[in-house]
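Once you've had a glance at the structure underneath, I'll fire off some questions.
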């Protein structure tokens, strides 16, 4: 029934490659099937002006798509001179989610910028990005601990994300592009490694959905995220 | 317990004033307590280029805050030369929600732009905006039917929105600013007049939240939205 | 003869509502007939860099129109990414006029920003804005004196403004939109409460005008401004 | 008494050099003493979209200062990415003034763009620009008549401009920079060759001014403009 | 003597991976040692407006660096709102070089956009980009021929590029970052597969260089490019 | 054979006028035939932030074309809100070339900005700009030495530039516009007064060129630059 013959609850093959590029303190290529996102974590000492002198750190994220990561070429945002509303919405989501996973006091007056650049898109880029970014964040934190810049581990828990939705009347997990573009309802869920909710964003693309459907989607998301966290842990071990 | 002595489930006084300004096809001042948003609906014939010739209409929204609608003055976005990520995120939410309420085929090749401008902010501006924008939309649709530009009523149902959250460990509805800035969890919910979900966006500002808390918030939102729809209906009658 | 049946020298009903919104140190809704402008004055300690250490203050203004304050919807300047030349011309005029009314030494190293946002436009928005902004300025100065931030009153005199013009061959005062768009000559005058000139900007939209016509317009402006100042004084008392 | 030993009514030496550059249909270097502005008129067939099919033409102007036309270097507007409010205010003034001199019906569906670029600044750049632009406009109109693109002469009258002001308590004409920066009142006047008013913009930089002072300044302006028109006519003959 | 122990004439290991991503008509990852650039060629029917109806095609290029492709993080150009001068200079160079390799008449009214995005930077990104872009271009042309969109092969010859320079007094080929940043002279050379020159850009970073040094660098470049073309041909066969 | 009847090696008449405008520390009008560029050098104490405290100076350049310096009017870059890629490429070239001529240690913590504004264009504007800018630079350096701001002369050597190219199969020097637009190969060369190379940028506009053609062009450039340096020296003496 699904174009890929997956069962409703089945995610795509998920792989996480650490140290994908050389310079960043954390550099992860995350793949959810044909969706491939490069997540780099850049650690710098110091914080933005609005946080100076408060003894706490900052984590933020930026998101971009390579112009031909998509089926037809998109305009390059740098050439157009501004980031789209979609881009801003996504990078705000990624940043919020990562900040929830970090104890800012333990991070001290240091900043981590996570860049999530989509190399190839096939649906679910924002949830793949959060999943990969969390691993890059861990690597950057470990780098800083190895350097003695921070003492205790600021990571409160791993976070991971998945998209779920209602497609042809059925709740499915980890939608690929052709499912996503035909879905009646689309929901992105970010959870901790213990299944608590960090962020939930559900949208009725077609018909409004009921509380029952919402609950069904949540269960699906929780199960998928448990599997995804296992992939994160395997990559980190 | 709440700064305003409201019960957890109690919304602020909500008023909807139609025909607040003279030129727009729909013009509504919506007030959720001290949050005041002017929502105007502008009806024009024709659609954006990407929809031409498809026999369907378009609904979109823009959002702004007057520089001193807030406690301390914010920079004017027109002077800075760009809209913030927050602004774009909100106006995309408003637009999506309103489009869910309209049958685009019945709208025909016509466009409605909803401008939501915050005159005074005290938390919940985006949910107030959606609530007021829906009434302005109805007025603009009725205007167009009165002019004979559209035949059947494209409105599928009324929509309304409320913010709910966990504040000092308790689930409360319709957060005002001091509650919102201290909330552990913040959730914006958009529903139809019959209580189906259009959009749900929940964020753990502090600690991650559980499924039980999510359910509790949803019930609170559903009840509040039922009341808010009654205010919409009273204003429209 | 005038669309509103006013006599040539007659202004529209002018009302000034103080404390229109809650947060600003001065907040005034000024109405010249159907033209409605919200003027807020924001008082902050400190001055822009170019004035630091000179023992004097700064007053500046920004102007905007809500997209549907006009007959047909205008593009939102924040979305277009820049303020129009008209907007900049008007806000420079408002700022210059207000600075003329303030003793910058007595203001001390403090800044007042006046935001003039047009809620509904029917001609004469810039002169209404100056008139309302002056009252908001007074409120902000009084607020600062009440707080003990400034000692002596920096206000040198009240200022007010009106548009005058030649319409169907006759000099008239306080043009509304349909008069304004058909006027042969359009002149905006800003004066002190004692009738001295702060700014005069006259433009031949159609035929060039003579010195005699200029003088006639000035007399008209002086008389109208005297009345408008009375409204300001009544609002402030 | 004046830094240049001029009498109050005396303008600086004014020269107008036509055909200063090779490519433009009209190209004029205008000098008011040490203020030097290059004014080029570019004639193109066709009109902007908002005028299409109405059988009339369009005249507009743009203004710029070379970065080191001034005493200390100004930022290049092209590098900063926007034109200042002052620039926009000035180019709007120049455009309005020139449009007043042209019969748009006789111009037909053709456009003239006047570029006024300040090579060297010593006060009065906008009035010098208007004066030179008018001559460049005449050359471009004659070029188009020579080509047979337009039949009748669309020029209604020559226009010229001068700045006048109150300096050390006395009304003076054609202020140079050090006078301008110390003037209590500054007024720019644009008139037709027969002394009718096209535009008047007077600002109290220091103290408000009286009607008597305004009249005195107007007389001064009228006399100076009469002389300046003579220079235009000599250059054109 | 070289940090990598290469001989002066020795290039880094060069690899070209085709079909690196799925959507583009040509997609190549090119590696010059640790410099890695993703080059995608997007083929679309139609040409930009300035070429319409002339029976010829268009080839253009855009260039970007991922923010953390470099040792320390660079600002994201999309977030800053503009491309740097360096970026524009490089993408203009890539576009010119590729256009020299294509017969625009045989391409017909079709457009190819080449996006060169630097995944990891270690010197020579622009020459690596040209080398990889040429292979992506060939793939896109073959794709279009396979589809029957174009008949004859528009490729005139392969092109490839290398950077050469004078480092510690000696002419060397294919500079890596630490050589590049210390080089006295830096020269980028683009040649055809038969060794004719498409573009040469040489800059004295330290001391001016002599004609003899220029010749020596050219010989070095020619030899390296011959080797690089062999890598291109092997990748394409 | 050349449109101007020049011999292949013959440059256009070249004139250099110093002190062309009044305010700049160096102000030069350079003319290569009908190409006229105003080059001003602005000397200011202090350096940009990235150089602070390093005991060395900075030289940079900006380039612009007046909108009607060209055959048909170009958009004003300040109005469009950004500099074109071509503009940025050229001003980067000018800046690099001038920095090669200055000993930054001897300049001390001072900055020189060179503005090159094209008054009239007929090919070769960037090489004319470099030639004129060098003379303006010398004047600014001498001004600073006269003021005692710098002690020793930071100028290492004069630099000058010329464009050469292959036109109708023959190597020619100092191309004017109609030659430039038809040239098969176009090369800009910047040299020191002793004939060493500062920058060489050669582009095959049509067919790729051979090493022999490159050498021929270089000889031509060297001879022309020797003559141009003589004009510089004559102007400076």
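Should a chain be cited, it is by its letter among A, B, C, D, E and F, assigned in written order, with residues numbered from 1 in that chain.
The criterion applied here is as follows: a residue touches a chain if its C-beta (ideal position, glycine included) is under 8 Å from a C-beta of that chain, and two chains touch if they have at least 3 such contacts.
Every value quoted in this text rests on a predicted model; they were computed, and no experiment measured them.
Between chain B and chain E, the least number of touching-chain steps is 2.
For B-C, the equivalent interface within A-B, C-D or D-F is the one where over half of the contact pairs agree by residue number, namely D-F. Where chain B touches chain C, the two copies mostly use the same residue numbers: shared numbers make up over half of all numbers in play. Note: centroid distance chain B to chain D, computed from Cα atoms, is 50 Å. With centres taken as mean Cα positions, chain F sits 27 Å from chain E.
Spacing of chain B relative to chain F, judged by their CA centroids, is 58 angstrom. Looking at chain A, residues 81-82 sit in touch with two or more other chains. Chain-to-chain contact here is organised cyclically: the chains close a single ring, every chain touching exactly two others. Circular chain order, beginning with chain E and continuing to chain F, reads E, F, D, C, B, A (contacts as defined at the top).
The touching residues of chain F, when paired with chain E in their complex, are 82, 85-86, 88-89, 91-92, 96, 100, 157, 191-192, 196-204, 207-211, 214-215, 218, 222. Note for the complex: chain E touches chain A at residues 21-24, 27, 34, 36, 38, 40, 42, 44, 62, 64, 66-73, 76-79, 81-83, 87, 113, 115, 117, 119-122.
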